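I'd like to ask you about the structure that follows.
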Amino acid sequence: MITDDDIKRIIKESIEPKSDKQSLEEAYVATEKPFDLKTEFLSAANKKNHIELYEGYIKEFNEISSKLDTVDRMASNSNHSAYRCLKVDETYNMNAVYLHELYFANVNDLNSKITMDSLSYMRLARDFGSFDDWQKDFIACCKASRCGWAMTYYNFYTKSFMNTCIDLHSENVPAFGYPVIVMDVWQHAYYKDYLKDVKTYVVAMMKQFNWNVIEKRFEKVDRITKALRG
Amino acid sequence: MITDDDIKRIIKESIEPKSDKQSLEEAYVATEKPFDLKTEFLSAANKKNHIELYEGYIKEFNEISSKLDTVDRMASNSNHSAYRCLKVDETYNMNAVYLHELYFANVNDLNSKITMDSLSYMRLARDFGSFDDWQKDFIACCKASRCGWAMTYYNFYTKSFMNTCIDLHSENVPAFGYPVIVMDVWQHAYYKDYLKDVKTYVVAMMKQFNWNVIEKRFEKVDRITKALRG
Amino acid sequence: MITDDDIKRIIKESIEPKSDKQSLEEAYVATEKPFDLKTEFLSAANKKNHIELYEGYIKEFNEISSKLDTVDRMASNSNHSAYRCLKVDETYNMNAVYLHELYFANVNDLNSKITMDSLSYMRLARDFGSFDDWQKDFIACCKASRCGWAMTYYNFYTKSFMNTCIDLHSENVPAFGYPVIVMDVWQHAYYKDYLKDVKTYVVAMMKQFNWNVIEKRFEKVDRITKALRG
Amino acid sequence: MITDDDIKRIIKESIEPKSDKQSLEEAYVATEKPFDLKTEFLSAANKKNHIELYEGYIKEFNEISSKLDTVDRMASNSNHSAYRCLKVDETYNMNAVYLHELYFANVNDLNSKITMDSLSYMRLARDFGSFDDWQKDFIACCKASRCGWAMTYYNFYTKSFMNTCIDLHSENVPAFGYPVIVMDVWQHAYYKDYLKDVKTYVVAMMKQFNWNVIEKRFEKVDRITKALRG
């Protein structure tokens, strides 16, 4: 049930600009986050290149968002239209931006460890049979993707955590999920250092999963599921 | 922060099967929901056919889930493997199932109306500039999709409601969203009755949007965002 | 070996515009072909609608070709660029145009028959084991496509005729082939008259294959393969 | 016109196995070709890795072809079926095999040169305005592809040479073409040596185009077009 206070807040928000966007003109403006990739499993050249790729996606996403403000919506059609091109590439670049941010943040802990009483551990054990089963399935997803991503996410339909393998940035993507663990398996992530040995790269990255960062995401899902249960 | 009670509950859940799945052997088993499509804008033959399509997706999704229990994960690779085929088609059929459920539930109100003090109205006005701007953008998405879906969803990255156009069931899909309004724009949804006139079909369906159903989804997003703010 | 005469002709052609394009300014201008679909297995409304769809693809293809004359090639990139959008949609609409033309021309013979001494029959028998095996495989392709096409084509790599199933107009497409038999299995081709019963539609169309038209395509492949052996 | 001799030959071929496949049981068996990549613009590690990738595609393509001999065609459907998985991956791996073969063969000449009286030069000049215009357009295609290929090919519909950009191995692919110039722009082709600088990689490879190999492909197209004119 929404309360009177909720209604007041909502009305206020619908009149005033949202607090975290006060200085912006367009609907969304992505801002680059600074990442310091500490891992020794990737070369400095690879890490520098990867951050620059991410910056490129930010730039494109902002340009697309800006163009979408004024593109002709009446002329939209599925065969060829400016609107369609922008929307398709908006999703492509937006996924690229956020999946990279989630990835950079979760592969960066030289002293990585997970404890059995963590939410991450217990949730993965619950939904995959055991933590080890999750690991095997996640690695299988990493190996199955054709230049893309493996992702563990909370699925709002099945009401459980699932793994998925995405091609490129926006193909074969579940349409209703909250990501908690993300692995970049585009060839750009590992070819400099591992050539086609994607499995060695993936296992190396998993050894440096930042389970503190991941735990916070699992905690958020826990809060979400409680809120949905109402 | 997770409390002691949370921990107890979590441990309990990780040991016992989840309450809503007690009778199931596999990880997920989709069960068909009954839908009675009241709309007069679609022929009886079309509606019957559409429900049968949905049942077909349910059946395939369950078969795939079952096969995934035992498929060889070690042999997974991106060029061709049983695991990859199953995971790609799992996403395809799962999206088909849930997007159909969301669609059937939200296009079914002969006395459709939305009030300006509803959460739906205020949120769409806030994030699209005005309710009318949302409508124009949503119709543009419907026209832009190549056999697929238009969807209004809450985006966990931009922290706002956005429209997107999906091709087929799983291409050009945002990877982190909670759907609130869904329109089927596969040709199977309208060709029997409207042939290529997708716009007339879409406007007809929008006239029967069930804003009560949709409002509950917006309320859930409101609870989610409050929970995430924590 | 190219002869002196060849060289003269080639030089002449590289200086003068090609004879079949003398009046055109742009690189390619698709012109609509008239089709009179005689089949009684499709309703008049369906046939009229289908021809109009085809005309839409022609129009888009010509607009894209025209825009490609002057688009900025230096600014091309894979994340988002006018050049990429145009090239991707050029292929989409061009495939749509030509596959429709091949389809309309080959499903239109009320007195359809194939003789065992025809090139079509013998080639299909040679490369698929028997004519009947080709039929079964072709129908399987029609049923496997997700809104798209089934196509029998001569494959320049395997040096044999193969069947393939295309999604939409340009996904899962062999990159080196000469089409000889084409079936439209987009839902737009059959939903008005058959709803989801794609198999009944396909079998009906196959009963009206114009084997005279198809034979000429097989003869062309025969001339091509002889020329390549040359 | 097909002659009596043609008919005899054709009947003979439909009874006996084709001469180049006499020892094979399955419809097609791809055999690996040896490639010695002489270029100094790629590291030895990169070249070795690339050949191994190609061998992997050969292996998968043969396995898929073999499975297709006996897969259940009656059970084929578009949502999920063994037949569909095999056909989609057959095209993916087959394109990978042949495009790699065309690429390896055409980027390998340390003393690369093209003369203005070559067929290659004159045809590209004729269909793109000038040889230089073809170059600019081809480079734009290389930059536009999302992990995939740029290809110059003879298009049987437009009756001219065109450039296209393919994503992965089988997306955005023209359905009726004969390839003459092929560039691998998957990240696996250049990341080891060039990281994200695809343009420098492409220009380096183009400096070593083997125009003798390419010329033979243009000659074949010339023979094909003469044969089609009949």
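Note that the chains take the letters A, B, C and D in the order they are written out, and that residue 1 is the start of every chain.
One rule holds for everything that comes next: a residue touches a chain if its C-beta (ideal position, glycine included) is under 8 Å from a C-beta of that chain, and two chains touch if they have at least 3 such contacts.
None of these values were measured; they are calculated from a predicted model.
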item: More contacts between chains, A-B or B-D; value: A-B
item: Interface composition of copies subunit C and subunit D: same or different, split at half; value: same
item: Euclidean distance of C-alpha centroids - subunit A vs subunit D, Å; value: 35
item: Distance from subunit B to subunit A - Cα centre to Cα centre, in angstrom; value: 19
item: Computed distance of Cα centres, subunit D from subunit B, in Å; value: 40
item: Multi-partner residues of subunit B (at least 2 other chains); value: 92, 146
item: Contact graph of the chains (line, ring, star, complete, other); value: complete
item: Touching residues (chain side subunit A, partner subunit D) in the complex; value: 45-46, 49, 52-53, 146-147, 167-168, 186-188, 191-192, 195-196
item: Subunit C partner contacts - residues on subunit A that touch it in the complex; value: 56-57, 60, 63-64, 79-80, 85, 89, 92-93, 96
item: Subunit C residues within the subunit D interface of the complex; value: 2, 6-7, 10-11, 13-14, 18, 20, 27-28, 73-74, 76-78, 81, 83-84, 87-88, 91-92, 94-95, 97-99, 117, 119, 122-123, 125-128, 136-137, 139-141, 143-146, 149, 151, 153, 156-160, 163-166, 170-179, 219-220, 222-224, 226-228, 230
